[in-house]
Amino acid sequence: MLELRGIIDAIWSFIVGLLAGLGIPQWAIELVGYALIAVVMFGVVAVIVLFLVWWERKVSAKMQDRLGPMRVGWHGIIQTIADAIKLLQKEDITPKAIDFPIHFWAPVVTFVAAFMVYVTVPFGKGLIVSDLSVGVLYIIAITTFTVIGLLMAGWGSNNKYSLLGGFRSAAQVVSYEVPLSLALLGVIMISQTLSLGTIVTQQDNLLKWYVWRQPLGFLIFWIAATAECNRTPFDLPEADSELVAGFVTEYSGMKFAMFFLAEFVNMFTASVVAVTLFFGGWMSPFGPDFGPSWMWFLGKTMFFVFVLMWFRWTYPRLRVDQLMGFAWKVLLPLAFLNILLTGLGIYLFDGLK
Amino acid sequence: MTEISLTNLTFYILSFCIIAGGIFTVSSRNLFHSAVFLVFTLFSVAGMFVMLNAYLLAAIQVLIYVGAVAMLMIFGVMLTTRLADVRLRHVNEQSWPALAICGFFLAFLVYGLWDTPFTVSGVPMPADTAHALGTLLMTKYVLPFEVVSLLLLAALVGAVVIAKKD
Amino acid sequence: MDQVPIGLNHYLMLSGVLFTVGIFGVLTRRNAIAVLMSTELMFNAANIALVAFSRFVTPAALTGQIVAMFTIIVAAAEATVALAIVLLIYRSFKGINVDRINFMKW
Amino acid sequence: MSEFAAVAVFLLVGTGIVLFTFLLAKIIRPSAPNPVKLETYECGETPYGTAELQYNVRFYIYALLFVIFDVEAIFLFPWALVYRSLGLFAFVEMVIFITILVFGLFYAWRKGVLKWF
Amino acid sequence: MLQNAWIIPALPLAATVLIIFGTHRNRAVSSGISIAAIVSGFIYAVAILFNVLHDHGPHEFYFKWLDFGSWHLQIGLLIDPLTAVMLLVVTIVSSCVQIYSLGYMHGDPRFSRYFAYISLFSFSMLGLVLSNNFAMIFIFWELVGLTSYLLIGFWFEKKSASDAGKKAFITTRAGDLGFIVGILITLYACGTLNFGEVFTKIETGVFAGGLLTAAGIFLFCGAVGKSAQFPLHVWLPDAMEGPTPVSALIHAATMVAAGVYLVARILTIYIASESAGMVVAVIGITTSFMAASIGLVQNDIKRVLAYSTVSQLGYMIMALGLGAYTAGTFHLMTHAFFKALLFLAAGSVIHAVHTNDMQEMGGLGKKMKITALTMFIASFSIAGIFPLSGFWSKDEIVASTSGHPIFMVLTLMVAFMTAFYMFRLCFLTFTGGPRDQHKFDHAHESPKTMTVPLMVLAFLAIFAGWVGIPWLSHGFSSFVYHGEPHHAAFHFDIAGISLFVGLSGIGLAYLMYYKGTISPDKVAARFRPLYTLLYNKYYFDEIYDAIFVQPLYAICDFWFWFDQHIIDGLVNGAATLTLWWSIAKNWFDVYIIDGAVNGAGYTIRGTGSILRFAQTGRLQNYALIIFAGVILIWFLR
């Protein structure tokens, strides 16, 4: 019962019946279906982000031995909602000298790029919008859009700091994207498939999780992923001490909120991908049917999000040259090494089909 | 309205996006705008690949063109264009003749393409092309595969030598 | 909405138009990078045509897609080197206005 | 083709919702532009000169390297997909492919291009 | 002895050469050489005379000079009684004149040059007399003409002298033209120039008819020119500009006699062709009558003598023309002596009073006894008074005109006029009161060197005639004859008439100028038109001037104008034409050729510059062009 899939199907069949009555053609219904799913997904994402914001503040407070937001609700639970509403009605100051269209569309691109990943993410058993056959590649492709968003934000706001910030963050994201994609290769070599659903189904129990066979791959992936989200050790661009707020200096109001939202979504996505590819996604350690699949999925991802938050208050911020050097001089060679090792490993142990 | 009309609709929408994007890329005054329109056009081309069931190629298109090449273009624009320059006249003086000639070219192209009888075979596309591409690449097109690595090396070294400021 | 299913000619028309737009961009833009962008457009037009051929003419053998893949890669390599050259020109001429770079003459 | 319908719809719905929120914000928020506020933000300083970046090629180098290795990654994906079914021969090819490009990386490294200072 | 006769002319030639190239600075030496040469020539001539006296026959010595293929030019000597006489006359007169010149030319700066010319003249005259063919005679003929020109124009600083020289030279040359035509005709007719051969041809009738007449007339032209006959006589009066001894030698005795000698030498022609002879005679008588009439009114003493010479020559020519060979040659000899004497006497008078005009003289007889006496003797001789030589020679001439009544009347009238003007001259100069006291006081008798030749010539003027006395057995007529020797028949009636005419002339002159009963002015007034006509020499000079000189000038002017305008015009025109042509060519060259060349260059440059625009250097332009090309090809496919 806990599998949400059944509930969703029931709801869906009701809706279909309703629309059919209205005489809307079949294909239109399908589209409406997808639209509904998209809206629902947006809602889920929004809720998760709100929770994450709150959780992050609580965790960071806990780590700094303080209480964090307590006043708004029980333990400040509705603090983020208050923030959201605040941002909604804050004045959006757009400077005169900016290149308005670029400035306006940058947050949209960034958020949409982050949001579109969840089309092919398997939240649970059957809980996948559409299991693309080129899933992994799709995810990597979509994440490159964030770079475009960054650059647009940087250039659009016509501000030296934002321009420089845009450049640096773009360079950083770009540098870490290569090891990220190479790390995933190991998994693909073993799973021989790009679709996330099948990868998860292949990891049906604890022992078959790919992390054991791809420890180096996972390590590289995880480090690259944190860099992708501009999280702590690699959060140089929008570090307060450095370039004001990096490429978001000129943004305020809802556009700023959108960037903020996109950042947390990226954080969540990173952990989702880590979980799906290396830790069996919605698979419980004991088999496919052991408890609600999405519960497992959310647990694992929340754990990895916690790890990200954990990184934030443990590691010192890297210098720019260390940051970049690390990507090219350490991660990339390791990634290649990983590929070779997995290649040999597959050849030696599993034998080739 | 059948399934086909849906695909027709999407095709026309996508082609409209591609053409409009192309025209804007070429004709927009602000260089950065044209870069962004380029990204939009490439994305729509990727969509077109999806229409043609070439999913892997679509992903590759998005990954390389949008992620790398377009990003490179934007980098180039940002590095070389002073903000003030962006407003300069962006079209040189031979735009009108060029327009005319391109018009003629298009007319001939269309005329040429329209009446050449391509042999269209009815065999449906295989669903998953990724694996097929992979095997094909590794077996039949090995040489180009290795040559591409050399090409990339050459491009890398060349670009580094040219761009490195010493 | 005409009921004719999307055939090969549609794609070829599309690629033709895109190609022409690309050529127009190459011929008229004053900025080197704009010219490079237009060439990218031309590459894509070619890819569409290739993939269309592979989809309609030889669905079994994916040669079209392979060639498209290779063109994409070559285009990428070409873009990097071209941009390196453009940056070099920018460094020496403080501007990449193609009109001023007119040394291809006797 | 139908798989990507979801992608398309997601794209449209996503942008739709974001634009909707912007519209909502535009309606709700007050707007009181005054010259000072509208100046580009210079930590309170009066902004001088255009936001022109003094030319340094390091950013471009990274982009360039990214393009080359991204293309390499692209080649690796199909190979990875069919690695198991192809056997040792494909593996040797890939080793050659990777060594050539690693040599490229090594060259870039030795040339001091990767140093950021 | 005879074949060495060429020594006679050689001696004066040697003298000339010696004087010119050697001793022209030393006056005495040069004059001495010249006189010695001529006197030795005289002695040799006398020897020849005696030689020829006893052997009349013509002696001919000649050798080939130039060989012209079929014909050869020969040079040689012909000695016969006529030659002997002429040699004698020339050498005697030349010696007397040269001795006389010592005194007359005493103060002249070009003293030795004068003697050189005189010797050269003697050489040419002697050569002429000795020559045996037409060519040789013509050569010496020209030499005589040359020397006469040199001597007439001796004082060339005087314009009148140089003009007279030129006039003489040109008029004689006109005559020589006819002479040479005549020679050519004879050459053409008889193929040889030798006298003997020509005369045999004439006698044999080979050379006869119109051709002979023509030859005769043309040859006679030479004589007309040289002996100052009717048409060509104008030069002789002007020739008086030369020194008086020259006039005496050349214009009295020798040169003018050359013409007569020539006619005598070739008389066979005129005997053979009656018409030619008649022409000669007519010319002769007209000349003598016309000259005598002019002589009546002349005031210049030398001009009177000149006209008398012309008239006497006319006598001789008329006689020869009528066939009287002995009469003509005999009068030639006697006339030479008394005419030379007259000239030399006039010379001493002029030397004394330094003027030629008789009106300024008068009463000189008292001052110059010898000159006056010799002058009177010569005048009586020329007038033809009984015992003197003039009487015998003139009588023969009048006798020769017996067959022709007109000629006889005219001859007698001329004799009357000759006597009249001779004594008019004598009375005006020597008798009566001195008209110019100043000159009269300075007048003095000439020195011995001048008076001795006068006396010698006076002696000859008296006794030379006696040679021709008819009754003498070996008289002149038997010595110098043409055809058969014949004795001159003396005609008392003719002699008487001529004597009476002479005396009447003398009487008239006596009345007009000595007694003054008839005043010459009144006579002149009555016959004013006749007087002015005669005084102006029948206006011959003016006529000739009008006929020849002015037309010549006119022609010259015309030709000058012609040359100036037409020829120069043509030349200049040609020059300008070529100038224009060159300009046109230059223009053509500059604009067309260069134009074309430069044009080509410019067009190439032009098209080059046009094409240059295609080279914009911008890739996009090239791409556009290429692309357009593709479409074009596609379109044209």
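Per-chain residue numbering starts at 1, and chain names A, B, C, D and E are given in the order in which the chains are listed.
Just so it is clear, contacts are C-beta pairs under 8 Å (C-beta built on N, C-alpha and C of every residue); 3 or more make two chains touch, one makes a residue touch a chain.
Please read all numbers here as calculations on a predicted model, not as lab measurements.
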Contact distance in steps, from subunit A to subunit C: 2
Given subunit C and subunit D, the chains that contact each of them: B
Longest centre-to-centre distance from subunit B, chain (CA-based): E
Maximum centroid distance from subunit D, chain identifier (CA atoms): E
Most central chain, Cα average position: C
Contact-richer chain pair [B-D vs B-E]: B-D
Mean-CA-position distance for subunit E and subunit B (Å): 132
Euclidean distance of C-alpha centroids - subunit A vs subunit B, Å: 28
Inter-chain centre distance, subunit C versus subunit E - centres from mean C-alpha coordinates, in Å: 127
Separation of mean Cα positions, subunit D and subunit A [Å, integer]: 15
Residues of subunit A engaged with two or more neighbouring chains: 132-133, 137-138, 158, 163, 167, 170, 174, 177, 194
Residues of subunit B whose C-beta touches two or more other chains: 7, 51, 53, 55-56, 58, 60, 63-64, 67-72, 75-79, 83, 92, 94, 98, 101, 105, 130, 133, 137, 148, 152, 155-156, 159, 163, 165
Per-residue multi-chain contacts in subunit D, two or more chains: 3-4, 51, 53, 55, 57, 59-60, 63-68, 70-71, 74-75, 77, 80-82, 85-86, 108
Every chain pair meeting the contact rule: A-B, A-D, B-C, B-D, B-E, C-D, C-E
Interface residues, subunit C side, partner subunit D - complex: 69, 73, 76-77, 79-80, 83-84, 87, 90-91
Contacting residues of subunit D [partner subunit A, same complex]: 2-7, 9-15, 17-19, 21-22, 24-26, 28-33, 37-43, 47, 51, 53, 58-59, 62-63, 65-66, 69-70, 73, 76-77, 80-88, 91, 94-95, 98, 102, 105, 108-109, 114-117
Subunit B-touching residues of subunit C, taken from the complex the two chains share: 1-14, 16-25, 27-31, 33-34, 36-38, 40-41, 44, 47-48, 51-60, 62, 65-66, 68-70, 72-81, 83-88, 90-91, 95-99
In the complex with subunit A, residue positions of subunit B that touch it: 1-3, 6, 30, 32-33, 36, 39, 55-56, 58-60, 62-63, 66-68, 70-71, 74-75, 77-78, 83, 86, 127-128, 130
Subunit B to subunit E touching residues, read off their complex: 92, 94, 97-98, 101, 104-105, 108
